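Take a look at these structures.
Both complexes below contain chain A, partnered by chain B and then by chain C.
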Partner chain A sequence: MSDFLQLIISGLSTGSIYALAAIGFTLLWQASQTINFAQGEFVMVPAFFILIGSRVLGLPFPIAIGFGLAVAVFTLGFVFKRLVIQPMLPHGHLPIVMATIALAILMRELVKEFYSAEAQTFPALFSEQTFDVFGAVISHQDIGNLAVSAVAIIALQLFLGRTRTGRSMQATAQNPGVAEILGVNVQRMVLYTFMINAALATLASVLISPIYLAKFSNGEPIGLVAFLAAIVGGFNQVRGALVGGLLIGVIDNLSAAYLSSEYRIAGPMILLIVIILLRPQGLLGTSEGRTV
Partner chain B sequence: MKQLKILGLVAILAGLIIAPFTQATYGTYVLSSWLVFTVAAMGLNLTLGYAGQISLAQAAFMGIGAYSTALMTMAGLPWIASVVVGMGLCFVVGLILGYPALRVQNHFLAFVTLAFTTLAFLVMRNEEWLTGGIYGLVGVPRPSVAGLSLMDGTRYYFFTLGVFILASLSFWWLVNSPWGRAFKGLRENPIRANSLGVDTRLVTLLAFAIGAAYGGLSGALMAPLVQYIDPMSFTLIISLKILLMVVVGGSGYFFGPFLGAGLVIMLPEFLRFAEAYYLMIYAALVVFLMVVCPSGLLGLLSRGIAAIRSREPAERGDLKEGAQL
Partner chain C sequence: MLQLKNLYGGYGKITILNGVEFEIPKGTITTVIGPNGAGKSTVFKAIFGLLNVHSGQILLEGRDVTGRTPKQMIGEGVTYVPQGRNVVPQLSVYHNLELGGITARDQSAVRARIEKVMDQFPMLREFRDRKAIELSGGQQKQLEVARALLLDPKLILIDEPSIGLSPNLVAEVFRTLQALRDDGVTILMVEQNAKAALAMSDFGIVLELGQTRMHDRADALLADPRVGQLFLGGHMEEA
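Right, the complex of A and B next:
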């Protein structure tokens, strides 16, 4: 029983990090119908920006995080939107899918060649100390990750729901044509979405890198989990992606512990197929209308 | 114009027949693998380019074809029997996997097929009693035709070329039949196709299943070619590679996959001087191509021809979405 509790809590902790990546993923989808197959790499790369800041430029770690965040928001937000996605938007999904897949490979190779192919240790924000709750061993890191993700997601929700800019972004996501008529600068809102995605990815990167170490090949599993979380929760809902992320984190942990570790990834995959067959709009999603 | 096209085809065919005699063993091997991957890309072109359903499972279908061929021919059964079984299996799995396509939109199908590819890889890697696990299956025999052994690389190339031509001809027949027009109708506007009496459920399923069967055929050709198969040859990245062949060449164009497969297979050979940077250059090229020309090389070509003749290029329904931004 205590093992079970422990698995649940550490699952929730990693799940909350997955949720950050998944939320960014769904935001991009809502704002511009962009399926970002490089989302995992978007989480992998900021850790290296931060490492460059602290090891190459010699900045103190908190400032290096700020440096990494700025670089990520500029390159993965602004440049990605303007130079890669924008020219392809009038041409439908397929070119974007192909280009983001290629971009993922490009980012992986750049890190491997120009930084290192070895896994890099990454300083943790929280201590590794543990404490007991009903016999379950829980680390400060687990609780810290959960708390930071929760704060970020609540802040995002408040921003989207309570501020003028946030509501303009929502209007853009729901109906760009009408939003434009109402005086919303649609292009700018889409750009904001891309920058928020980059910031969420950086946060996820800071939280997950101490656990998995920073490595060029980390993007693939993280990206896969982000897709899964987004689909399981519902593509058009921020809270859907949150629930999806947490659920995937827990299921992944439980299937690794109780099923064979060889088939670990199969648990979430089967969940994905079942969800798409039975409830394609996701657990919390509302179904999207089809245009004729 | 038509005579010119036929002349061009004859020239290409003649080139393909002469090619192995100008090449060393390795060159012939590269040519053979181009033919093999073109067959897989052709199948995906049917699913994606003609019927508009995105699939990331083509490598898994190749795997199913390759493993059935390897297992059956190593057990002493004839190659042709293993092809029938492999393609049949792929067709059935394609039908089952195509079922979600009836319910959900394109991008979800991408994820269902992605999940399938991962599951298929897990089975190939973990079920050692059947597939040999990570070590794979070694010593797949090459078939012999009319008592003539194909162990020689050049002979096997001609065998592959023959199967390839058969596959291309049946593909040509298929896409120009009423079925092919129904596939295109489905891509351009599924609801309109439905209202015009096309059974969209059946056509979607068939597009998926036939595309999968081509994947199986490609796998059945691949196993004897490399004579050694392991799960790493059928991972998601290979599916992406086949998808890339279709998109780079020009999806929905008959010769798109031929050109795309050629580029994707040959480019690493040309970029060999770049060594470690090869993947980087390659990925950057793809991003660039997609940004500059989303309809692929043949799309670029037909746009160029249309511009010379000062005609509007044909509109494609699947490339118009998202235009509101």
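Right, the complex of A and C next:
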């Protein structure tokens, strides 16, 4: 029983990191119908921006995180939107899918070529000390990751719901034609969404890299999990991506512990198949009815 | 108040407007009627800066506003209520209204204005915290009209307000528009429901094939047999 509790908590902890990536994924979809197949690489790369800041430029680690965040928001937010998505968008979904797949490959190879093909250790924000709760061994890192993700997601929800800019972003996502005729700067709102996605990916990167190390090939599994989480939760819902991320974190952990770590990815895949069969719009999703 | 001079325009290379010309006076309701494909909605989009004007001029109170963006047109005191459903579905009624004033610098004035508009439309006050998608079709249309009033516009372009509404709701929307006209707002409306629309308007314009065919007092158009013929499906030349 205490093992079970322990697995649930550490599952929620990794799940909350997956949720950050999945939420960014759904935000991009809502704002610009972009399915970002490079989302995993968006989580992999900021760790290297931070490592460059701290090891190459010699910045203290907290400043290096700020540096990595700024570089990520600029390149994965602004440049990505302007140079990749905006020119492709008029041509439909498929060119964007191809472009983001190509971008993912490019990002992996750039890291391998110009930084290292080896896994890099990455300093953790929280200690790996543990404490006992009802016999379960819980690490500070698990609780810390969960708390940081929770704060980020709550802050995002408050921003989207409680500020005029956030509501203009919602209007842009839900009905871009109407947003335009009301005088909302639609392109700017879409850009904000891309920048927020880059920031969420950076946060996920900071939290997950101490666990899985920073490695060029880490994007693939993370991207897959974010994609699964978004589909399981409901593609058009921030809350859905959150639930999907947490659920997959837990199932991932339980199947690794009770079945075999070889079947680790099988659990989430089975969940995906069940969800698609029983509730294709996702757990919290609503079927999409875009009005003309 | 609003004057179109020999306006040509359309979508990309396709020309829909072939020299539309008319002028509407301040504080009046003018209804644009015409068969499908005549370019009625296209005229509105051209005025509001949503599509390219190839040639010709749009004058607002004598100033050339051709080629402005929607945001600039809002700044000029023009608002646009397109056809169909135009609410932001997951935002509350209140926040939909607030979006109507999103371009304003002074947001406290917008809040005061929202209160005033909710006085005009008590239903909106009652449902202010509901999501817009939860309102009925007629209520959503009222929300759209109310939202278009948020910046105290001089000119409202309203495209087919009666679509999907029951006859008594149509009458209600029309009464709202007449009350606005009486407050000095100029209204330019497109309507399929030509008879009812002309009956509540001051002036009428008949568009066909992207050109102005007739422009007269609404009661004169109503009495004109050629207009009746047009809406029985024939072309005006045959009348």
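Before moving on, here are some points about what is shown:
FYI, the second predicted complex is superposed on the first by the 289 of 292 C-alpha atoms of A that agree within 3 Å, B and C clash if a C-alpha of one lies under 4 Å from a C-alpha of the other, contacts with A are read in each partner's own complex, and residues count from 1 in each chain.
In the analysis below, a contact is a pair of C-beta atoms (placed from the backbone, for glycine too) under 8 Å apart; a residue touches a chain by one contact, two chains touch by 3 or more.
Predicted model, so just to flag it, every value in this text is computed and none were measured.
Once chain A is used to superpose the two complexes, chain B occupies space next to chain C without a clash. In the overlay built on the shared chain, the residue A:218 is in contact with neither chain B nor chain C.
By the touch criterion defined above, A:181 reaches chain C but does not reach chain B.
Once chain A of one complex is fitted onto chain A of the other, the partner contacts of A:141 are absent, as it touches neither chain B nor chain C. Counted by residues of chain A touched, the larger count belongs to B, out of chain B and chain C.
Of the two partner chains, chain B is the only one touched by A:84; chain C is not.
Look at A:170: by the touch rule set out above, it reaches chain C but stays clear of chain B.
Of the two partner chains, chain B is the only one touched by A:103; chain C is not. Using CA centres, the angle subtended at chain A by chain B and chain C is 90 degrees, rounded to a multiple of 10.
The least CA distance from chain B to chain C in the superposed model is 10 Å.
Shared contact residues of chain A with chain B and chain C: 177, 292. If you check the complex, the residues on chain A that touch chain B are 32-33, 35, 83-84, 87-99, 101-103, 105-106, 109-110, 113, 176-177, 186-187, 190, 224, 227-228, 231, 262-263, 265-266, 269-270, 272-273, 276-277, 280, 288, 290, 292.
Residues of chain B that touch chain A in their complex: 48, 54, 99-100, 103-108, 110-112, 114-116, 118-119, 122, 125-126, 189, 191-192, 240, 243-244, 247, 251, 276-277, 279-280, 282-284, 286-287, 290-292, 294-295, 318-325.
Residues 164, 167-168, 170-171, 174-175, 177-185, 291-292 of chain A are the ones that touch chain C when the two sit in their complex.
Those residues of chain C that touch chain A in the complex are listed here as 48, 50, 70-71, 74-75, 80, 82, 84-91, 95, 98-100, 102-103, 107, 147.
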